[in-house]
Each structure stands twice: as structure tokens, then as C-alpha cells.
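Just below sit the structures, each encoded as C-alpha cells.
In the two assemblies presented below, chain A is common to both, partnered first by chain B and then by chain C.
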Partner chain A sequence: MNKNRIYPTRFVFGALLLYSVLFVLPSVMGLGYSFTDWSVYSDSIHFVGLQNFATAFSADYNYTRMLVNTLRFTLVTTVVKNAVGLALAVLLTKQVKLLNFHRAVMYLPCVLSALIVGMIFKSVLNPKIGLLNTFLRGMGLNFLASNWLTDSKIAFRSVMVVDIWKGMGYIMTILIAGIMSIPQTYYEAASIDGGSAWQCFRHITLPLLVPTLTVTTVLNVIYGLKVFDMVYSLTNGGPGFATEVMYTGVYKEFGLGRYAVGTTLSTIMTLVMLVAGFFMIRHMVKGDGQEI
Partner chain B sequence: MKRRKQLAALGINLLAWVLSLILLAPLLLILFNSFKTGREAAAMNLSLPAAPQWSNFALVIQKGKLGTTFLNSMLYSVSSVLLCTLLCTMAAYVLSRNRRRLHNFLYLFLVLGIAIPINYIPLIRVMQALKLMNTRIGIVLLYTATQIPFNIFLIHSFVSKISPEIDEAAVIDGASPAALFFRIVMPLMKPVLVTVMVLTFLNTWNEFVMPLYFLNSSDKWPMTLAVYNFFGMYFKDWNLVCADIVLTSAPVIIIYLLGQKYIVSGMTAGAVKG
Partner chain C sequence: MKKILALALALMMLLGIAAVVHAEDVEITYMASQDWVQDAEIALADKFTEKTGITVDFQIIPADQYTTVLMTKLQTGEDLDLFGSQAGKSDIVTQLNVEKNAVDLSGEAWAATVDPLAAAETSVNGKLYGQPAQDVSSVWAVAYNKKVFEKLNLSVPTNYEEFKAVCEAIKADGMTPVYEAVADGWHHQLWFCEMGVAIEHAEPGTAEKLNNNTMKFADSAAAKQLVEQIKEMADLGYWGDNYMANEYNDAAKAIAEGECAMTVANQGFPADLNAQYPDFPAEDIGFFVMPLLDNQVLNMNPVGPTRFIYSGSANIDAAKQYLAFLAEPENIQYQIEKVSKFNTLPFTTAKDAYSPEISAFYAAYPEHGTVYQTSVNYVNPQWMEIGKELVAVLQGDQSADDMLKNIDRNRADQATAAKDPAWN
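Now for the complex of A and B:
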């Protein structure tokens, strides 16, 4: 049968048009604008070569801070979310009572808006009346009570912890699915041979979970590099520039009307993510007989 | 030996409860405080309200203009769900069934959007050129466009598991391509379509960056952005802020409780290969 007649290519056009015009086109234009002095202050646009890139990577600017923060955020949240998610997944595939209740609770923060989570934690982390400091003082740990979001030394750590709180259930859910797909017979064989729980984890669960952990790692890396919502709602980059990341930087440049610099930051991220994305997509589409 | 096993079982149950409570405590805090008086809520603790203040909700709906923003959010979410589901289903179906070189390329081109970020500032130029800045239709199209890559990926892998023999039988019986798709294949895709619809609804409801860049008049704002603005104005009245948070999150929590199965299957698809 003629596949082109039964499965007409025109069915793809709607999605392709919207995606190309509103998603891909701005990225391509962005690459072009990165070499200009486009701003809100002038009607004409001039070619300025690599000047914006020089600004973005210059050492004496706060851009270095953004870049370092973004990478730090990505590294820390990826490692911790994977570790905590794995521990939770192992715990919640054991014989725990009310298993589905616990799983549902752990996933719950993932369905809330980052903006809402940010507001919730502005309350929890409030230095005077917040739940956390009240709890610490109640335990007699007054010295631990801090200005979680306004002390420039710890604000970024607080942001990362809140993000981990929100996102670990997602990683856990993926890893639970991964653990469930490991054939039960392996564990039965191990228990006949007298393997301990740790040995089972170390020699069965962990090695067979490597492909799933690869996916969660890539997902986390892509999320971490793109992070905006959580930082915006908790600290908006402050105090000072302490918690500034690339995309809060882009938004600030936009607010200042320095469009070319903002676009350049975006373009740098796009190029990085094209590479990361290619590997992820290749892994994701392998299963359904897709050639790449 | 039996004793030890019982202790271990008790231990893991206890641990699960402690962890669940760490996750629930901040959410319960908001829920309890939304029912308190302003003075009670000023302490921001986990005690139960002395008497539930239902008036908080009425007050916040009026002061925070929640009526309008709720309708905005509903309009954006429902329209994006319908448009995105229709476009993505059609595209993913054809790309999954017809795998010539062009189609393989188009599929990869589309799903690469899962990873690449949006370049917001040049997008303003595009929106201006299309006269879509600060319009409701513009926001709906943006939400649709940004969710196309992941949804196509989800549907594509589902379609590849539906046997093409059904299509052949229908074509021999004289079905046109459109009839084959809408009458025969689409009903078979029900599980993945529910997943796509639920995820698209949640993502659209929770998103606030698009309105931040592309909607400057507050009467077009969705609920999430409105609650953030409300927080800025009434940050001293924690009971009202909490009531606003509860009302804004209620739809996503209801949908989560009803559609948990579909959300989880969508979120784990592609990550785990059975």
C-alpha cells in the first residue's frame, strides 16, 4: 500500500508550523542578534562582532557569577536529586504499608507551580516567624536559625534545597518504574545464595538501573541549566547577585532593555543544550524503532 | 530472626512516614493558615485554626480578582490542551507510521525541542510581527508550541505499539486518510491522549514565564502570576496569601488526584525501557 497516501505528510504541517515559527525561528534570530547592539534605546541595529560574547564571558562582570551559579546549581541538584530519589525509590519498592499514599505524597510537589512553591518557602524560611526557624529554636538549636534567603552566603544553598524538595519525587517516580522493570527472579536467586539487602542493591539494582539513572541525570542537567522559575520566585537573583543564574540574567537584561546581551546569554545556553539534547534525544527515541 | 524482621519492617514504615511528613508539612502549613484569622496566621505555625475562617476565601477572590484570572487560566489551559492534542496526535501518528527519510528528520527536528530552551527576547519580535503581543490567542499559541516536542514524543512511541494491520483493513474497506485517523486510530490512542491532556493542562496552569514576557496588561494574567502579585501587595496578611495559594493550586491538585496514573505513565515514558 502507498504509505504517503494513507499517512499524508500534511498532517504534520500544523505542529511543524507552530513549532518552527514560535520556537525555532526565535533561536535562529537570536544567534543573529547576538552579533548586534540591539537595544530598547536605539531604533537602528548595528553589527558589533563578538562584543556581546566578550561581555558575557568577561571576568569583571556579574556574568561570571551567573555562569558559575548555573553550573553549580546543575551539578548539586543533579547529584542530590539522583541520590535522594534513588534512596526513596528503593524505600518505596519495599513492603511499606500505605505504599501508594507515600508515593503520591512524594510526587505531590512536582505538580505545583514553581511560583507557588517559592511563595510557600518564603513563608517556611522567613527568619522571624518561619516554620523552620521556629522548629530549630524549639529544639534549642538557636544558632542554626538563619536568614535563609537574605544572607548572601547561604541564599543559593536554600534555593537549591527547595528545588530538591520539589523535584526529588519526580526522579523517584522514574526510578521506581526502573526498579519495577528488573525481573524478580534475580532477587530470588540472590536470596537463595544468601545475599544481603546491601549486596542485592549493589550487584543487582544499581547496575541494572544505570540506563534509567543516565536518563534522570540528563533530564536534571537540562532542567538545571534552564532553571528560572524557582530562583525568580524565591530570591529573584538576590541578595545582590548572590543567586543570579543565566535565565534570571536574561530576564534582567530584558528588563534593562539590553536585548542583544540578553539574547547572547540565551544563545550560549541554546548551543550548549543542543549538544546535551542531541544525546538525550538519541537515547530516548532508540526504543521505538527510530533510526538516528 | 523474626523479631529482627519485624523491627526492620517497623523501621522502614517509620522512615517513610517521616519523609512524607517533611513533604507534607509546608503544604499543611499553607492549608491550615488559609483558614485562620490574620492575627493567628501571623505566627505561621502548624496549629489548627481556632475556628475556620471561610470568609478569607471570599475576601481573596474579591481582592485578588480571582474570578477573572481563574477564567484566564482556564481559557489558556483548555485551549492549549485541545489545540496541542489535536496537532500533536496528527503529526505523531503520521511520523510514526510513515518512516521515510524526510519523516525521520522531521521527527528528530520536532523532539529536539524537548532540550533546547526558548529564546524569549527575539520571540518578542516574532510575536510583534504576527500581531500576537499581549493577546490571549498569542499566549495559547505559545503554550501549544512549547509543548509540541514532548507530546509528539509521547504519542509517537505509543502509536508505534498499535498494529498497522488495523489501518490496512480500514483502507481496504475504503476509509479515507482522515476517516482512518479520526474514526479508527484516534479511539485506540485514548490512554496516551489522556496523559497528554492531563500533562498539558498542568504545565499550562503552572507556567508563568510566558505571561511575564508577553502579557503586560494584568487583566489577561493567569492565576499563578496574579497570586504572585497578590503576595507582593498583601505579604503581611499570611492568611489571605495562603487562601490565594490554596485556590490557585486546587485545580492542579484535583487533577493530580484524579489522573495520577496518567501523569506517572507520561513522566516515566521514554525514561524506562521495559
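Now for the complex of A and C:
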């Protein structure tokens, strides 16, 4: 390898400084504050050890449910966005009329702000006057009309569906790029050998898309663990506490003036993301034949 | 030389523009929850701008997010001049920390004209920190359509069983008995907190014991029964099918169009309804107290939304001028006249505008009590949380006992953080 082609180490200092000041330092400070009783109710701050962490995992509070909801949201949206995104990507790399129009339509939701999407779907999913239930009732499907966002048994699923709708176009776009990078000669060879469409997908497209799918999985997992805006705009964690996730919990704790508990929850999520990120990046780098 | 001259001229021009902009563009921001700023106040703010050149930028936040946004802004010291908040002598110390976050207004000329009861709820150590923004004489009660009651030959219920019978009769007639709005997040818990007067009537001394930490909500049989009755109302269909998605802004529409017969409202509601639906006379709306736990006590609350000046504001003088302008007697009277839900304002200079019907309603309930969000510490700061707890009960996700225990836990957390001697 030509060492002259490697940029000097000092080039990284600027980015490293910004990253340290804007990300690492606040995280470390947050970790420090999570061992205190910092709150709006008192000007003094005292060290309280692991008390906030005990609170975060106590059965008396809802935080473990928030963590479970966050992990469930991450798992479901990652799997479904990848699956639907892949299906759309395969469809939209075929010879289809108005191909770019279809791609643009599927991609469009992801350029909208989550708050705008939330407001639109709050209206669409209104049980009485919403577009969806009105449509279902109009079709004679009254039994399908539901309290999409106001029934604690289905509200979280509704939130996940809206998020999947919003995010699948983005995943589709990345996967389209992945599929288009697969040489056509493989498909031609398979075709000569009599390979069916399914066999081509199973034995050519899918294996060669694994690196791209790994990237989309990492993106989805990080996004899912950080989810806030979609839940906030659609249900604000309700009805009751049914759709609370960790970051709506952090926001609520700050609102109640319990800053130390808020930073503790944030610290827990930072640790979860660090662990998840470490293993996922290690997996990705292994795929490139490198070790970390 | 020419370059230096050009540079100096450009610099002077910029400084001149900055000075002009600074002099002319004094703008104060006023952040408040929805429904706290009335059209009449906005009109007065325009007059204030004409008079002083100071503009008022209203930042209206949805009710379910307001407390969180306010607390975050106060903590981060974000750009803010005036803010609205519910008052309450305990909460303005423990939650708002007004001695640090708000400006002492005791020296203002209008401070002496604030009604003494309201002033007590906005003062700390004898210093006044807030200016009442709304009518606090009004009580939250069941507003009912008199025509529906006449048609179905119903009379005002005086206990819970009679109320259920009224609801059944209305339901049988094809109407939703009660318009309840849960989507806003602030309304449905009125059934619980306002009925603190009924808990107090059933178990005298409860508020004091709760404040002394010698009793918890979970220990109160009346509180548990109250929550169960609220759930029963919803389960029996008295709130209709859509109460979870209903918004309070549509309450007048639901009553005027005959969809619902009752709703929990204050005494400004009839005039408000009439303003929106002129064919519906305000006199057709009557009131009775919420009859849960067989309540017959008038639920008073001397506390309401209040304006505070943020201590970190760069425009404290301008904000003080604005509050002084609003408190001028003619401007107080203007608000009482123009805001249909105001019958008076808590200033000694105000002349009330009670209708005979409303005066009769107040006279019908000689026994008065103070609601729990005011008389019990650490209840009002968790208003929205109590709403969520109640929704979890209504949805069958938790029991009444769980809800009361959670309220106790949240109170204990706040009291401990506030170093309340009763908890430490």
C-alpha cells in the first residue's frame, strides 16, 4: 500500500474536537449527572450513587415498559422496513412503466417531517371523522373500523405502521442502489440455466445484497432506539402509558423537573446504543475482511 | 484612503441600522398554554403596541405539552419574557421556583388591586410574583341542556344514582349523555381533582393529612370509589364511543347540535356557546355540581392561569408595562365584556357580569370546598400525569388502586426533591 495516499492523522483533529465537544462531553456529563439528585426543585446537587438507576429499573415505575416498547419498536420496524423496502426495491428495478414516478412516490414520505406525518395521520386515524374509518365504513367494513390511536391495545401497532410507511421508501432507495450494483451477467447466466425468478432472487439478489441489508439494519436499529418524534406527535406516549418509549420518558422527566432521572434514562439508552453499535459495526467490518 | 473611508462609512451605516432596529423593535414574547390567551387580550396587546411601540409575540403551546415545554425553557434560560402558569402558593415555589425564575411584582401600582384570595396564591413570603389572567370565581360543573331535560322530564341529580338514571334516560333517547374530551389531556381529570371536595366531605381532614404525609391517596376509600365511578361512567357508555379522541373545543358544537346533553364546563360556557351558535340561547344551559360520591359541595378554586415575568428576560421593563396596561380598570372591564367565559376577573377594580341563572346556580350550593389541585400539595404539577393515569384506568390497563398509588409515588418524588420536611 502506498503510504503517501493516506491522509495525515492531523486531518481528523478538527472533526474529533467537534465530536468530543458536541457528543462525547455531554454524554460524559450526563453520566455524571445520573449519579446525582439534580432537579428543578432544589438549587443544590448531591451525589446519590446508583439510586436513579434503581429507580429506572424499579417495578414501581414505567421505565422498564418504556425500554421494552423501545426495543419492540426497533425490532418490528427494522424487520418490516427491510422486508417491505426489499420487496419494493425488487419491484422497482424491473421494467415498469413510469418507474421513476413510482420510486418518487414511495420515497416521498421520508422527506416529510415526522411531526407533519404525525399530524396528518392523527387526522387520518381519528376514529370518528378520520379518513381510514370513514373509508372502511363506506365500504361496509364497519367491523374493521377501530380506535387506531386511542385504544391502548392497538395504538402502538398503529404508531409502528405509520413509522414503517414513512421510512420504507428510504430503505427501498438504498436497496435499489444495492440491486443495481449487481452485474446483470449473473442473472443472464441463471436464465440460461433455467433459473426461475424466485431462484434468481434467492441465490443471486439476496446473497449479494447482504452488505447493503446490513447497512439498512444498522440505520434502522439506531433510528428505532432513538425514536421520539413519531411517538410524540401521534400519541404523546398514550393512551395512558401504552406507547411510551425511552425518549418520550426522558422528555417527560425533564418536563417534570426530574433532570437526574431524565439523564439516567438517556445514559441507559446511550449504553444500549453503544453495545448495539459495537456489535453491528464489528459485524460489518468483519464482512469487509477487517478486524476491530 | 478611499478604502478606509468606505469601510468607516459602511461600519457607521451598520451601527445606525442596528441602533434603529434596536430602538423600534422591542418585542416581548409571552408563552402560554392553549385557551389561556383570549382574543380580547390579543386586541389589547395591539392597543398596547400602538401606545408604546412594544409588540407582544404570543407563543401558544398545546395544553398536553405546555408544562414540559415551560419547564425546559425555564431550565435552559431560553428566550422568554412572559410566561403563563397555573398559580398556587405551594406549586409556584416547588415547581416554578418563582423566587428564582420570576420577577417580584409587589411594587407595581396594580399589585394592590389584585383580589386578596388570588394574590395569596401568587405570592411567596409576602411578595407578589404573578398577575391573574382569568376568572377564578367560575367553577367546573356539569353544564346541561335544559331543553333536553325538559323533554325527557328529568330533574337535576343530587347524587350519583340519580345522575346515572339521568344518563340512562338520555342514552335511551339516542343521545350521548356526557361530552367528555380526553384527547386534549387536561379535561377528563377534572372529574377526579375537582371532586376533592367530595373526598373531603366524605373523609374530613384528608387534604391536611395528605399535606402532612400522614395519609396517602391510596388509603382513601372515597378516592378509590371516585375513580371507580369515573370508570363506570365511561364503561356504561355515558361518555359515548369517541371520548378518547374528543377535543374540548368541540364541546359547544356537541351540545348545540344535540349530539350530547351535558359536559363539564365553567360558567362562561353558556355565553361562549351562544357566541358560536346564536340560535342556542345561553339561558338554555343550566349547571349542577358533579354528583360523584353524591357530591353537593361547590368546588371552588381561587387559582387559575397567571402571568409571570421571567427573571432572565432582557425586556423586564417592557413586560411590566404590558402587565400594567392589562390591569388598567378599563382594560379589565374590556376583557370581562369581550370574553364570554369571564364573569369577572380577580381585581378589586372589576365589576362582575353574572347572569341571574349563574347567580342562582352558586346560591343553590351553600357549602363550599377547595379543589384538591389547590388544597393538596404536589397534585397540580402532575395534572397531565393524573390524566394519563386515569386513561390507563379507563382502558383497563390498571386498577383504581394502581392509579392512586402512582399519584402518591409522584407526590413523594416531588416532595422529596423539594426537601419538604413532611417527607424528609
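By definition in this document, the second predicted complex is superposed on the first by the 258 of 292 C-alpha atoms of A that agree within 3 Å, B and C clash if a C-alpha of one lies under 4 Å from a C-alpha of the other, contacts with A are read in each partner's own complex, and residues count from 1 in each chain.
Keep this in mind: a residue touches a chain if its C-beta (ideal position, glycine included) is under 8 Å from a C-beta of that chain, and two chains touch if they have at least 3 such contacts.
It should be emphasised that the depicted structure is a prediction, and the values quoted were computed from it without experimental measurement.
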Per the overlay, which chain contacts more chain A residues, chain B or chain C?
B
Pick one for A:Asn126: touches chain B only (first), chain C only (second), both, or neither.
both
In the overlaid three-chain picture, which partner chain does A:Arg5 touch, first (chain B) or second (chain C), both, or neither?
first
Answer with first, second, both or neither: which of chain B and chain C does A:Ile222 touch in the superposed model?
first
Figure out whether A:Thr64 sits in contact with chain B (first) or chain C (second), or with both, or with neither.
neither
For A:Tyr259, decide between first (touching chain B), second (touching chain C), both and neither.
both
Quick check for you: in the superposed arrangement, does A:Asp37 touch first (chain B), second (chain C), both or neither?
second
A:Val21 in the overlay: touching chain B, chain C, both, or neither? Say first, second, both or neither.
first
Under the stated touch criterion, which partner chain does A:Ser146 make contact with: chain B (first), chain C (second), both, or neither?
neither
Quick check on the output: what are the common chain A residues between the chain B footprint and the chain C footprint?
126, 251, 254, 259
In the complex, go through chain A and note every residue touching chain B.
1, 3-9, 11-12, 14-16, 18-19, 21-27, 29-30, 33, 88, 91-92, 94-98, 101-102, 104-109, 111-116, 119-124, 126, 129-131, 134, 165, 169-170, 173-174, 177-178, 181, 211-212, 215-216, 219, 222, 225-226, 228-229, 233, 247, 250-251, 253-254, 259, 262-263, 266-267, 269-270, 273-274, 276-278, 280-281, 284-292
How about chain A: which of its residues touch chain C in the complex?
37, 39-43, 60-61, 126-128, 147, 149-152, 236-242, 251-252, 254-259
Residues of chain B defined as touching chain A within the complex:
9, 12-13, 15-17, 19-20, 23-27, 29-30, 42-46, 86-88, 90-91, 93-100, 102-104, 106-108, 110-123, 125-126, 130, 141-142, 144-146, 148-149, 152-153, 156-157, 160-161, 167-168, 171, 177, 180-181, 202, 205-209, 212-213, 224-225, 227-228, 231, 238, 241-242, 245, 248-249, 252-253, 255-257, 260, 263-264, 267-268, 270-274
Within their complex, state which residues of chain C touch chain A.
64-65, 67-69, 71-72, 74-75, 94-95, 97, 100, 182-183, 185, 241-242, 244-245, 381-382, 385, 388-389, 391-398, 409, 413-414, 417-419
